[in-house]
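Order of writing sets the labels: A, B and C. Residues in every chain begin at 1.
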Amino acid sequence: MSVMFKEVTKVFGDGTVALDRFSLQFDSGEFVVLLGPSGSGKTTACRILAGLEEATSGNIEVDGRDVTDLPPRERGMSMVFQNYALYSHKSVYDNIAYPLRVRGMPKSEIAGKVAEVSRLLQIDDVLRRRPAQLSGGQAQRVAVARALVWQPQICLMDEPLSNLDAILRLQTRTELKRLHHELRTTFVFVTHDQEEAMTLGTRIAVLNQGRLVQFAVPKEIYHRPVSRFVAEFIGRPAMNTIDGRIEDGIFRAKEFSLPVPGCADGKAVLGIRPEHIVPHAAAHAGALACRLDVLELVEPDMLLFVDCGGQPLIVRCTADFPELARGAEMYLELPAERLHFFDGETGLRQP
Amino acid sequence: MSRTWWRIVALGVLAVVLVIVVTPYLWLIMTSFKSRIDALADAPVWFFTPTFEHYPKVFLDKGYLPLVLNSLIVACTSTGLSLIVGVPAAYVFARHNFLGKEDLFFFFLTTRMAPPVSVVVPMFLLFGFVGLTDTRTAVILAHSTFNLSLVVWMMRGFFADIPREVDEAAQMDGHTRAGMFVRVLLPLAAPGIAATAVLCFILSWNEFLYAFILAAFESRTLTVGIPGLVTPHGTLWGQVAAVAVVATLPIIVFTFLVQRHLVRGLTFGAVKG
Amino acid sequence: MITGGMGSRILDKGVGTLFLIPALVLLAVLLLGPFFYMVGVSFTDLSFALPGHDGNFVGFDNYRHLMREDPVFWQSFVTTITFVFSVVSVEFVLGFALALLLFYHVQRRRIVLTLLLIPMMLAPVAVGLMWKLMLQGEFGMLTHYLRVIGLLDPRNAPLGNYDLVMPTVMLVDVWEWTPFVTLVVLAGLLSLPREPFEAAVMDGAQPWQVFRDITLPLMRPIIALVLLLRGIDAFKEFDKVFILTGGGPGTATELLSIYTWRVNFRNWDLGYGAVSAFMVYLVVLILCSVFYKAIYWTEGRVAK
């Protein structure tokens, strides 16, 4: 079973373009993450897929069938909302049972299914309660249970973890991964948190300003970002980027210069991830001289905020690097194979 | 497809509803401009040459003009009185907490529920004892029974909408409670007060029973004037329609002014318009 | 100028009481006073029509007469109850349906709502007059068209016919107050959160299921409120009916309020009339309390 967005465009009444010819295709069993900053169109894409919003143009196809004009209930998808959207006037049991009740399933069967899914999500002890009596984490799990109880082909999740506190978020992340493995349902997960995306997704679709920027497995997104935007969005701390020019095989930006053999001349953006820069306390072959600005200890790592030829760089290294004083001289090695180049905006060239 | 079909049906129903809603009133207005022949014609007349004779006949010749004045005075005074007494009381309900607050509030609700026909019987006698028979004052006081509770209910909601921090900031600025109320809160609540005032005015102007019993002759209001023109011997429809139009048209205009706050007032603050 | 210390705090509390006192006094004088006086008068034989009836104490005679020997009172009671139940149900169903229609299918609601305000904002007497004009036996606009269509016998006039008059009067009330129900229900619908509806749709619910399982339960407090307000007001109905039929023909449309008016201000039998007035008051108060508790109870349940 495959799901396809075909050139979906959404323009709102006031003229804002939420999605611009968005096309995406993925198969069943995947955990697809729609990742992007706010306003990137990821929630809109999810809602259009669900059928809660109408696309201005373009189609949605599921298994080759055009579902663009179908109402949500005929699409075989369920949804977990950011605010859970539980039915405040029903008990937890009735909330979870609702999708089954609405499909005319006999009460005895419903009881079995609800028990099964609530055991899976570890909420079988709160079935008699009302939503207002639940904690955030429990409410969220009830929402997920309700979305999975009727075994939909696709389960959509619109930033379901953003209202949870940090610890709960991590726990639930793991549980979602486990659910995905057990149930083999296709998940479409919307988030702005790149860490969540990287840990949960089988493939990540990065969106920006209504357009699909890159759709790939996490490893690829990380190691081969297709654009500067993706590169800077993924990773914490974000990738170091330097705007400059390449002339005669040397990349220059203010006082920063680095030989880059084999690269074409012209304006370029140099990128390297903090964890790929190798810091040295003393001079080293091929290492650039720079000054240490601030040192942050983030056990078991260390973050070095460095000024290198007028360019601020962040370096991440293990905590056994000597703790130098502020303003101390040090040297950075930028391995050639870890460099990324981007032109005016798009495109990635590798040395 | 079926979505547009539903749309057409919906709009069709809506059109029919609007026609039903508006036509009777239009018919009344038209009647007030119809000559006797046109008004009493066997088959209803929709296109006619209007005549303005009924208005001067009933308001000048028959002396109905003072009734307009009476309605105006009664409505304004009753509104004013209710506001002066009710707005401070509403403030207390919105800000202070004291024993029996909810019960007292319920008491205010019940005053709105009091059936006029029951209240007017003893009121008629009592006002008679103090010499208030057939006076505007009697009607004004009677109207205050329902206007006061309306003011308290509506204004409590409006005051509750003003965050407490405003009170506190004003007190930090050195105002006394009373001073703060007058100089800071009232201006902020002004739109609410205006809406409430208009609603009170409308209710008082439209009121019939109290005015009918308590001021049946000299101090008659417009509404009371209407049955007077409907006699078993025959009704001068053009004239009575003219009275009804004057009794209703200003209110319609007023209503459009308070539209937005109307639901709040009509449901006694239970639903925010 | 800052007044500090305990003194100013007492002043503040005093201000609170000061603000409340006038309102309480006014209402006590204007409502409680008459109420107790009315109860007092109900125990006398006061009458402006019969000589010698100056208000002598007669104990429970009036009450006994009303309960046992006055079928007219009980008839008007039944008439009123029928009236209230019929008009409130019809207004509720029609008003709710109209509100749903506006909510789902109409974008530019402002104009529609403004027009819908007209019936309830007209003075009820004027409404009565307006419909009396249209239903007049010989030249009434509606009477004419009804006869043309064949729904009405040429010999009958809606307001003069025993069988037709009550439904006609109810129709006028429905015309006047259905928009009110629509407005309140619409305001309620607009105040509902969007998420449960989207969730229900994603859960696979059909439109009628969404209505039954989500809309109605969430609307329960509003529904209760509307029923309460219309119920009480319908019970107090006087103006329109007074001018449309005066209670007639005969006593066919004599609601409790009209009966009470007639006894007190036509027959001038004030002692006896006070009993009737008291009865009306009582019923309204009871209904009011029952409903008020019901609203706050359901509101509590839905909110928590």
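The criterion applied here is as follows: contacts are C-beta pairs under 8 Å (C-beta built on N, C-alpha and C of every residue); 3 or more make two chains touch, one makes a residue touch a chain.
Here the structure is a predicted model, which is why all the values come from computation and not from measurement.
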{"item": "Which of B-C and A-C has more C-beta contact pairs", "value": "B-C"}
{"item": "Of all other chains, the one whose Cα centre sits farthest from subunit C", "value": "A"}
{"item": "For subunit A paired with subunit C, centre-to-centre distance based on mean C-alpha positions, whole Å", "value": "59"}
{"item": "Gap in Å, rounded to a whole number, between the CA centres of subunit C and subunit B", "value": "15"}
{"item": "Residues of subunit A touching subunit C in the complex", "value": "50-52, 71-73, 77-79, 81, 83, 85-89, 98-99, 102-103, 130, 132, 146-147, 150, 156"}
{"item": "In the complex, subunit C residues that touch subunit A", "value": "195-196, 198-206, 209, 213-214, 217-218, 301-302, 304"}
{"item": "Interfacial residue positions of subunit C with respect to subunit B in the complex", "value": "1-3, 8, 11-12, 15-16, 18-20, 22-24, 26-27, 30-31, 33-35, 37-38, 41, 98, 101-102, 104-106, 112-126, 129-134, 138-139, 141, 144-145, 175, 179-180, 183-184, 187-188, 191, 221-222, 225-226, 229, 232, 235-236, 238-239, 242-243, 256-257, 260-261, 264-265, 270, 273-274, 277-278, 280-281, 284-285, 288, 292, 295"}
{"item": "Parts of subunit B lying in touch with subunit C, wherever the complex brings them together", "value": "6-7, 10-11, 13-14, 17-18, 20-22, 24-25, 27-28, 31, 39-44, 84-86, 88-89, 91-92, 95-96, 98, 106-111, 113-119, 121-126, 141-142, 144-145, 148-149, 152, 174, 176-178, 181, 202, 205-209, 213, 222-223, 226-227, 230, 237, 240-241, 244, 247-248, 251-252, 255-256, 259, 262-263, 266-268, 270-273"}
